[in-house]
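In what comes next, chain A is part of two complexes: it sits with chain B in the first one and with chain C in the second one.
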Partner chain A sequence: MTSGSLLLLAQAAGVSLLLAAAAIVLGTAVGAGLTAMAFSRLAVVRAAYRVWVYLVRGTPVLVLALLVFYALPALDLRTGPYLAGILVLGIYAGALFAEVFRGGVLAIPRPQWESGRSLGLPPGAMLRKVVAPLVLRYALPPYVNVCVMAVKASSVLSIISVWELTFAAREIIERTLAVFTVLGVAAALYFVMCLGIDRAGKWLERRLMVRGFVGEPA
Partner chain B sequence: MRYSAWFATYGPSYLDGLGWTALTALGASAGAILWGCALLLIRLAGGRGGARAVDAYVQLFRNTPVLLPIYLIYFGFPLIGLPWPAVVCGGLALVLQNGAYVSEILRGSFKAIDRVQFDAARSIGLSPWKTFRKVVLPQVLVYSIPALGNQVVLLLKDTSLLSAISVTELTMRAKLLTEQTGAAYEAFLVVAVLYLLLVSVTEVIFRTAHRAVRWSR
Partner chain C sequence: MIEIRGLKKSFGATPVLRGVDLQVADGEVVALIGRSGCGKTTLLRCINFLEDYSEGEIVLDGQPLWYREGPHGRRRVPEAEARRMRQRMGVVFQQYNLFPHMTALENVALGPRHAQGLPAGEAEALGRRLLARVGLADRLEAYPVQLSGGQQQRVAIARALAMRPRVLLLDEITSALDPELVGEVEDVIRSLLREPIMMILVTHALGFAREIAHRIAYVADGRIAEIGRPEQILESPRDPTLKEFLRRMR
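Right after this comes the complex of A and B.
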């Protein structure tokens, strides 16, 4: 493989990482909003949450991508494949993040709620001082898993003509027929990205660990 | 267009795609569970080297997207003299990837088996192979039913990626119909509903199986 191809793949890996990063930012916001819906006082809102998560999780990312890719122009929104791709990954990751955050909230031990209430904390302070720090710690490992999934799912966007790592690999294969080397390098790049995110997550987990905290997840 | 006319025109095409998707998912799921069991056996019986090899395999497949093995097998195998049909290539890629996840699921369940059972198995004279087949595997599989269900759902959704290597499953059908009719998102909406249907059926099957073997706890 020429150094030109190698450079191209490295650049494409950068694009994949940027796509995933944008999707993670968007997905975290979407997930947080959905989680608020999941704990709404209104049964209708809670039902809407369940239906949305069911729909997004029950559909392949590729089908979601094709739907958005074709549906947006029909709605007179010409975004191009990149924005459509980020939107799709964000929607997909958002539903997964929502389940992660919801699990984190449910894992908060009951005494935490009770003591917060008995201290007379207003809802805002309760959320900031009690709920958020605990959810952050409980939800971090699965959150990192979803981030890794976002990187891997970004490869699907190659099918809606987003130029990223998998697309670049196919392009180079069509030109050079070097199937094994090109896909091997692409796999190595994905591996490094995913493992890097995983390691960063583990590091953060250790950093956030509170020594002596006895609040085991409920 | 009236519904019956719509169905007469496009129904067979979607049904054919649905059949291919279901068949691929079923075959690849069975293969992935078998491969996962084999990987567990290698991990348990292969000594330190075996466990390390399985770890490396699992790490590799966990941290790379499924599209890569799909392309690798589909474009690579003809170069080494194995021009297999696209479904087989794609199915094999799904088996290899999901087998890695299945082996991790089974490993988790394996930890739930009480050590005393291994002493008991040895004391009644079971060979290691028989212990694996008669004691370990049945319990591990039963404990794993919910997690395996999740994995099969993921696999089912990943069969959509085989459209990239020209397998005429659901997603490919929608693409072809889009080219014919120009009605793009309608076609993908139909396909999305069909996937939801397949996913729901899979979930019901695994939930029923889980309930049916409650005796195990």
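Right after this comes the complex of A and C.
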């Protein structure tokens, strides 16, 4: 494999990582909003949450990508494939994050809620000072899991003509026919990206961990 | 003062409180004793509205708490009002229930800062003062896991006091502690007796109740079956189940 091809793959990996990062940011916001819906006082809102999460989770990312890609122009939104790609990944990761965060909220022991209540903490302060920090700690390992999935899921965006790692790999293969070498390098690049996210997650876990709080990081 | 009249509560079909009447005067300490399951902890939790109740009223310094009688019957007060009412009471739980992600100082300063809106500097100064008062001036930056049970419980008492409550509700605050740590927590409570603060404590430590309480109330079957001065309750009980209870506790 030529150094030109290698450089191309590395650049494409950078694009994949950027796409995934944007999707993680978007998905985190979407997930937080969805989680708020999951704990709404209104049954309708809670039902809407469940339906949305089931629908998104139950749809293959590939189908979701095609759906969004064709739906946006039909709605007269000319976003181009990259924005559409971020939107797809963001929607997908958002539904998964929502469940991760919901699990984190459910993991907060009842006495913590009662302590907050007995102090007369207003809901905003309770959320910022107690709920969010605890959810962050409980939900971090599964959150990192979804981030890793988002990186790998970015590969399907090649179907909507997003130039990213998988797309670039296919281009090079068509030119060089070096199927296994190119795919091997691409796989290695995905692996390194996922490992990097995993390490970053572990680092954050250690930083946030009060010793003995929810067990030592693996 | 606190006046509780005709308090009733059920868990499903099981009545837990069957009409509790109790008055606590300013600066008075009342201990609630009784068998487990008699309703004493539930009574304490009702006072702070951690549990709702179906009948009766609780009045603090002349102000009815938690429910309002309206044209459409009895309704809970709005949440914001309930929060203000809760701030006049401090609760200390059996299992301390400190916030695990906050230092001792942060735990104590949280309520004054975010529930009562004190400036950060003042809330922190108050926290330092109270932690010094419970003998933890050197553990301000410690997280709960780094503290012993007795230390955690003292932080919890400081956290409750930080709200400058009219009344302290203490729910078996030494039951979860190793015997050698009980004393340090009891000392903190003793030191509060000089203050004009009301205390209602649920306890199994009869010796401690006798020492610090002005009155002891024996709760049985969801009612206050007998109430009086500690000597009277512990030495010459009239209620036959109380006699039996005391015999078993010895």
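Everything that follows uses one rule, which is that the second predicted complex is superposed on the first by the 211 of 218 C-alpha atoms of A that agree within 3 Å, B and C clash if a C-alpha of one lies under 4 Å from a C-alpha of the other, contacts with A are read in each partner's own complex, and residues count from 1 in each chain.
In this text, a contact is a pair of C-beta atoms (placed from the backbone, for glycine too) under 8 Å apart; a residue touches a chain by one contact, two chains touch by 3 or more.
Predicted, not measured: the structure shown is a model, and the values here were computed from it.
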item	value
Touched partner set for A:Arg102, first chain B, second chain C, both or neither	neither
Chain B versus chain C as contact partner of A:Val130, first or second or both or neither	second
Partner chain in contact with A:Leu121 - chain B first, chain C second, else both or neither	second
Between chain B and chain C, more extensive residue contact with chain A	B
Partner chain in contact with A:Ile173 - chain B first, chain C second, else both or neither	first
Which of chain B and chain C A:Gln112 touches, first, second, both or neither	second
Residues of chain A that touch chain C when the two form their complex	111-112, 114-115, 117-122, 125, 129-130, 133-134, 137, 208, 210-213
Touching residues (chain side chain A, partner chain B) in the complex	54-55, 58-64, 66-67, 70-71, 74, 148, 151-156, 158-159, 166, 169-170, 173, 177, 179-180, 183, 186-187, 190-191, 194-195, 198
Interfacial residue positions of chain B with respect to chain A in the complex	59-60, 62-68, 71-72, 75-76, 79, 153, 157-161, 163-164, 171, 174-175, 178, 184-185, 188-189, 191-192, 195-196, 199-200
Sites on chain C touched by chain A in the complex	48, 50, 80, 83-87, 89-91, 93, 95, 97-102, 110-111, 114-116, 143, 145-146, 159-160, 163
